[in-house]
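Next up: the structures, one after another.
In the two complexes that follow, subunit A is the common piece, with subunit B as its partner first and subunit C second.
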Partner chain A sequence: MVANTKEVKAKDMCVKRSSPEEKRELSFKDEICVGCGICEQICPVEAIELGDIGAIVRTGAEVPKISIDENKCVLCGMCSVGCPADALEFKLDDISIKEMDEYPSLIKSAEIDDDTCIYCKACETACPREAITIARSLPDRSKLVTGEIEIDKNTCISCGVCEEMCPADAIVMEHHEPTSVDPTVSSDIYVDKDKCVYCLICRKSCPVDAIKAVCRSCSYGDYDLKPEDSEIEGSSFIDDESCINCGWCKEICPVDAAEVKKPFKGELSIDQDKCTTCGACVDICPCDVLSFPKPAESGQIPEKVFKDERFCIYCGACGKVCPVEAIDVKRTDVNYTPTKSKSWKNKMESLKS
Partner chain B sequence: MELKVNQDNCLGCGVCVVACPVNVSISPEVAGGHGSKTTETIMMVENGVIKLFSEDKCTKCGTCQKFCPTDAIWLE
Partner chain C sequence: MPKHIVSGLKYLTAVELIRDGYNQKEVAKILEMDRSTVSHYLNGRNLSWNSIEVAEIITKFCPRDFLTLTFALLNDSEKTRIIVKTCSKKEFHATVEDSCIGCGLCADTCLMNAIVLDDLKAHIDSEWCCGCLMCGDVCPTNSIKISEEKNGC
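On to the complex of A and B.
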């Protein structure tokens, strides 16, 4: 008889079975797991158990978020298909079943269109999973403004006012300490024309009018500036492993460059009377849907827990962690690719509540 | 995981009793900082130290551990 084996590496694990005909392998990555418990719900043989997820996430306990009983596991792969975070991966002969047309898979994605993206980094800042990296190169500042500047070194009294006032740090002086041999403070002064923005503050602040400067951009408008010189170039990157398809990037993007497809539709309801504001749901939500509101003015009592369902993926982790059953997560729709297998279809449908 | 206490570390401050979301739903007066009127709550301060009464009701949310200033109550 061929038995399953389990390999445990820190908090990750892998259940395997090899026969001459086929190699089946289920792997779990704890770091990616959001603790929603969908795997426990979808497993047909009750081989998966969700851990005490509140305590694990909030106290940093060194235990995995789920346990897989290798003696019960039949290596069917259903858990991997239901997992909205892709923390479970099931492979047949080293190929993931998510890449096989015969098996259903959750329809979910997040993309940023680089042609539309203006590289403002709003999505990178907002992403609750730190899955987005925006790399950008800014235009050359010297090409965005033109002008002329000249310092009459004979008039200059080396007071250093212009150097101190220059907002672009374009004026540098080499200060000379007076000695009995050379009892002057005459210092050398330089203007770095790549840094100068021709704001004319130096000219206006010079006590002896030693600086002549003019801004061409002000006089001639944008006449001698090339539009291509002001372009910001960049690229966006979404780490699929960390991305949970919550939609923060899509909602926060000012130019609609991000597109997100969510695996589930549903409804999240919070019973504000039952809630005791312990914060377990806020801590566990992988999508930053929940937060504690601050009163707009003193004396006002806001809701205990605030939700913004635009970012919810209806994974149900908050509902499972709530110690007083104040949260109800309903899944009304499951988005998955078609399959001919009736039992798999039934299982996918069973994720609806 | 199991709820554990170390009475030697306990200051008897009662923060865990008040913070525990399950305690409040069993005995609402603890939310106001009063002692529980029933031993049905998960934990209470007795003779100046914490004592577990109905630990079977614990949902292991970790709130008590987060608030305890002396690591006298934890999940293991």
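On to the complex of A and C.
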């Protein structure tokens, strides 16, 4: 009789079945799981049970978000295809079924076009899953300004006012204790021209007019400065494992460099009367769709939970976690690659509510 | 004793194969035996009639018992397949319904290796199906239907 084996490592697990012809393996990564329960819904043999995700997410309890009964699991792989976070991966002979055409897969992606990207990092900051890294190299400051500066060391009284005032920390005085041999407070003073922006504050603040400085950026800037010197170079990276395709990067990008395809379309409705503002939905939402609004004016009563559906992937986690059934998530469309199997097609269609 | 029954089963298979038109050399190859042993078998030597009788009774068991007992005696899936296919007098017709999810449990269970998966659906080769119904027992979606062919004999 063929039997499954199960390996558990911390909160992750792996169910396997091997025959001489084929090896089947389902692995679950708890860290990636968003607790939406689609796997529980899609499993044809009721082998998956969603845990008490509200408590797990809010207390950080050391239990996995789902449980897989290895005695019930038939290793068909449907749960992995339905998972919008790719927390479940199904492999046949060590090859993921995501790479196999006969298996359907959710159509979802997030891409940043480096040619369009201006490396402003808005997406990196906004990404609720910290999946985006923007690496950028900034131009040399000295190449973006032009001017002249000189300190007349004979006139300078080494008061240090310019050093203290310089907003760019470009003036350095070599301070020392005066002695009878050398009764001065400084041995040298110089301007670091890589840092100086010719703002002229030193000149204006010098009590003895020892600094001669002129800024040419305004008058000659267009001639002296090369446009290529002000270019920002960089690259973007999206970690596919963490990315949930929520669309924050696309919505926040000022130059439309990000493109996101979402697996589901739908509707999210919140019954503000039923809501008790417990915040479980806000905590579990992997896409930062939900938040508690602040009143615009004092005395005003805002709605209890605010939603912005532009970021919603309709995974349904908020609806599952809500203890008073105040949230209803409807899926009206499921985007998946075609399959010849009628039973798989029916299952994918059943994700619509 | 088990060895004797195995010899009986091989004898019955050899006789059937010869009847089907194979020569002794081919039979020896199929059953992985010496050609001389096949010759001895066919001439009724080195074999007690008791073991042939017992083997004959086994081939008339219900398909599942015939298959599982043969596999238990031989512990060799390839030879089990050939003996069961050759000695089984019954024919079966297997169909898989569209509710099949392609989990492959049936294919992993089938001792006759009669099942393959294609486009996430099991396909059963009726030629090799021995009617043991073990695939239907493990199928989570109850998608396998197997019926015995009435061939009028």
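Criterion: the second predicted complex is superposed on the first by the 342 of 353 C-alpha atoms of A that agree within 3 Å, B and C clash if a C-alpha of one lies under 4 Å from a C-alpha of the other, contacts with A are read in each partner's own complex, and residues count from 1 in each chain.
Just so it is clear, contacts are C-beta pairs under 8 Å (C-beta built on N, C-alpha and C of every residue); 3 or more make two chains touch, one makes a residue touch a chain.
Since this is a predicted model, take the numbers as computed values, not measurements.
Trainee: Is this a clash or a fit when subunit B and subunit C both end up on subunit A?
Mentor: Result for subunit B and subunit C: fit.
Trainee: Touching A:L75 in the superposition: subunit B (first), subunit C (second), both, neither?
Mentor: It touches subunit C, and subunit B stays clear.
Trainee: Per the contact definition in the header, classify A:V2: touching subunit B only (first), subunit C only (second), both, or neither.
Mentor: second
Trainee: Is A:T276 touching anything from subunit B or subunit C once the two structures are fitted on A? First, second, both or neither.
Mentor: A:T276 sits against subunit B, while subunit C stays out of touch.
Trainee: For A:S341, select first, second, both or neither according to whether it touches subunit B, subunit C, the two together, or no partner.
Mentor: second
Trainee: Pick one for A:V63: touches subunit B only (first), subunit C only (second), both, or neither.
Mentor: A:V63: touches subunit B, not subunit C.
Trainee: Which partner chains sit in contact with A:W248 here, subunit B, subunit C, both or neither? Use first/second/both/neither.
Mentor: neither
Trainee: After superposition on the shared chain, which partner residues are touched by A:Y198: those of subunit B (first), subunit C (second), both, or neither?
Mentor: neither
Trainee: Considering only touches as defined above, state whether A:R24 meets subunit B (first), subunit C (second), both or neither.
Mentor: second
Trainee: What is the C-alpha-centre angle with subunit A at the apex and subunit B, subunit C at the ends, nearest 10 degrees?
Mentor: It is 80 degrees after superposition, to the nearest 10.
Trainee: Tell me, in angstrom, the smallest C-alpha to C-alpha distance between subunit B and subunit C in the overlaid model?
Mentor: When the complexes share the chain A frame, the smallest subunit B-subunit C C-alpha distance is 29 Å.
Trainee: Going by the contact rule set out above, which residues of subunit A touch subunit C in the complex?
Mentor: Touching subunit C from subunit A are residues 1-2, 17, 19, 21-22, 24, 44-45, 74-76, 78, 102-103, 339-344, 347.
Trainee: So in the complex, which bits of subunit C are touching subunit A?
Mentor: 98-105, 107-109, 113, 119-121, 138, 140-141
Trainee: Touching subunit A in the complex: which residues of subunit B?
Mentor: 1, 19-22, 24-25, 31, 59-63, 65-66, 74-76
Trainee: Using the touch definition from the top, list the residues of subunit A that touch subunit B in their complex.
Mentor: 51-52, 54-59, 61, 63, 274, 276, 278-280, 321-324
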